[in-house]
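Paired with chain B in one complex and with chain C in the other, chain A is shared by the two complexes that follow.
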Partner chain A sequence: MESNVIIWGIIAVLVLLSIWLTHDLKVENPGKKQLMLEAGIEWLENFFKDLLGEQGSRYTPYMMTVIIFIAVSNLSGLLGFKPPTKDMNVTAALAIMSIVLIEYAGIHAQGTLGWVKSFTRPMALVTPINIMEIAIRPVSLCMRLFGNMVGGFVVMELIKGICPVLLPFPFTLYFDIFDGLIQAYVFCLLTSLFISEQIEA
Partner chain B sequence: MLNISLWNMVGVVVEVLLLYVLLKKFLFKPIKDIQEKRQAMIDGQMQKADAANAEALAFKEQYAQKISGVQSESNQILEDARKQAKNEYDRIVEQANGEAGDILVKAKKNMELEREKAMREMETQVADLALSAASKILGSKTGTDSDLNLYDQFLDKAGDTDDRTLN
Partner chain C sequence: MNSLIAIGAGIAALSGIGAGVGIGIATGKAAEATARQPEAAGAISKALLLGAALAEATAIYGFVIGLLILFVL
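For the complex of A and B:
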C-alpha cells in the first residue's frame, strides 16, 4: 500500500515538473532548459524508435513513460523514500502491462489469426515454448527488476550496518544510481524488443 | 514487499496509465508541437529563401539581357555615327574637289584669255611698228645706211617689244 502513495507522489512530481519545463517553450532561441529537455526527450524517443521501428513508433510514448517512471522510482530511494520498484506488486503490474502491450502489438500488427499462427514459428515443435513465453516473459521482467532493487537495497543496508559513514557512498553510486538506471533501461529495452519482434514477425 | 495483492496491482496499473496520459499531455505533446512548429518555420524560411533566390536569379538574367541590349544598341549608335560621319566627310571632300577643279578651270580660262588679249595687243603693236617703219622708210632717204639704220631701229623696237611682251 505504501508504494501506491509514493507512486502518486512520483506522478505529481513528474506532472508538475513537466508543466514547469514546458510552460515557456519557444520556437526560436530556446533557452538552456528547453534545449536540455528537448535533447533528453528526443534521445529517448530515438532510442525507442530505433528499437520499435517505424511501425511500432506508436508505442514510444508509453515506453518513454515507463522508462521515466522506473528510473524515477529507482532513484527515489536516494531521497529516503522506499522505491516503489522494490515492491513486487509494482514490478508485477508493470510486467503484466508489458506483456499485454506486447501481445496487443502482435494482434494489432498481424491480425488475430496471424498472431495465433505466430506461435508456431519458427516451427510447430516450439509452439508450447512460445505459449509458455507469455507467462515467462512478464515473470522474468518482474523478477529481474524486483530482485535487483531488493538486492541492491539489502546490500546497501548491510554496508550501512558495517560502517554508516563514507563507506556507503561509492556503493550507493553503483546500487542506487547505476543499477537503478540500468534496470529501467533493461526493462524497457526488453519490452521494446518483444514488441518489435511481435510487429515484425 | 513480497505479498501480492490484486488490488495493489490494479492500483499500480491505473497509476501508470494515468502517468502515461498525463506525461503525454504535459510533456511529450508540447515538445512535439514545438518541434513541429520549428520544423514548419524552418521549411517556410527555406522556401522563402529559395523563392528569393529564384527571383534574384530572374532579375540577374533580366539585367544581363538589358545590359547586352544596351551594349548592342550603343554599338549600333556608334556604327551609325561613324557611317554618317564618313558620308559627310566624303561629301565635303568631293565638294571641295569639285570646287577646286572649277577654280582651276576658271583660272586656266582666265589665263588663256589674258594671253590672247596680250597677243592681240602685241600683234597690233607689231602692225603699228611695221606701219611706222614703212612710213619712215618712205619718208627718209634710201641707201644702205638708211637701210641699216632702219633695221637697227626695227630690231630695236621689235626686240624691245618682243622682250617686254614675252617676258
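For the complex of A and C:
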C-alpha cells in the first residue's frame, strides 16, 4: 500500500519536472536548462540505440521512461521514503511489462509464425528450455531488482542500528546511490538485450 | 524448530559463495582485458556489468529464499 502512494508521488514529481523542463523550448538561443536536458536525453537515446539496434529504436522511449522511473524510485530512499522497488509487487509489475514487450517485439519483427518457429532455434531439442525462458526471464528480472533493494535496505537499517552518526555515510553512497543506479541500468540493459535478441533472431 | 529454520536460512545464504567467486573471476579478467586493450574499455565494462548482474542473480535468489524461509514459512 505504502509503495502505491510513493509511486504516485514519484509520478507526480516526474510529470511536473517534465512540464517545467519542456515548457519553453527554443530552436534559437536555447537556455542552459534546455542544453542540459538535450545532453541528458541524447545520452540516454544513444545508449539504448546502441543496444537495440536500428530496428529496435522504436522501443527507446519506453526504455528511457523505465530507466528514469527505476532510478528515481531507487534513489527515493535517500529522502527517507521506502523505495517502491523494495516492494515485490512493483518489481513484478515492471518485469511483466518487460516480458510482454519482449514477446511483442518478437511477434512484431518476425510475424506470429516466425515467432512460434523461433522457439525451435537453434534446434528442436531446446524448445522446452526456450518456453521455460518466458517464465524465467521475468522472475529473474523481478527478483534481481527486489533482492538488491531489500538487501541494501536491510544492511542500511542494521548499520543505522549500530551507529546512526557518520558511520552510514560511506555505506549509503554504495548501497543507496551506486547500487540503485546500477540496478536501474542492469534492468534496462537486460530488457533491451532480450528485445534485440527477439528482433534479430 | 526455530533453530532449524535459522540453519536453513543460513544454508540458503551459502549461495553467495558462488556469486562472489564468479564476479571476482569476471572482474579480474575484465581488468586484464582492459590492460591489454584500453581502447575497448567501454565494450568490456558493458560485458562485465552484464555478466556480474547475471552471476549476482544466484546470490540474490539465495537471499530471497533465506528471507522466505525466515518470514514466510
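Methods note: the second predicted complex is superposed on the first by the 201 of 201 C-alpha atoms of A that agree within 3 Å, B and C clash if a C-alpha of one lies under 4 Å from a C-alpha of the other, contacts with A are read in each partner's own complex, and residues count from 1 in each chain.
We adopt the following convention: contacts are C-beta pairs under 8 Å (C-beta built on N, C-alpha and C of every residue); 3 or more make two chains touch, one makes a residue touch a chain.
Because the structure is a prediction, the values reported are computed rather than measured.
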Chain B or chain C, by number of chain A residues touched: B
Which superposed partner A:128 touches (first chain B, second chain C, both, neither): neither
Touching partner for A:150 - first (chain B), second (chain C), both, neither: both
First, second, both or neither for A:38, with chain B first and chain C second: first
First (chain B), second (chain C), both or neither touched by A:9: neither
Intersection of chain A interface sets (partners chain B, chain C): 150
In the complex, chain A residues that touch chain B: 1, 3-4, 7-8, 10-11, 14-15, 18-19, 21-22, 25-28, 37-38, 41-42, 61-62, 64-66, 68-69, 84, 86-90, 92-94, 96-97, 150
Interface residues, chain A side, partner chain C - complex: 140, 143-144, 146-148, 150-151, 182, 185-186, 189-190, 193
Residues on chain B engaged by chain A in the complex (per definition of touch): 1-2, 4-5, 8-13, 15-16, 18-20, 22-24, 26-28, 30-31, 33-35, 37-38, 41
Complex interface listing, chain C residues touching chain A: 46, 49-50, 53, 56-57, 60-61, 63-64, 67
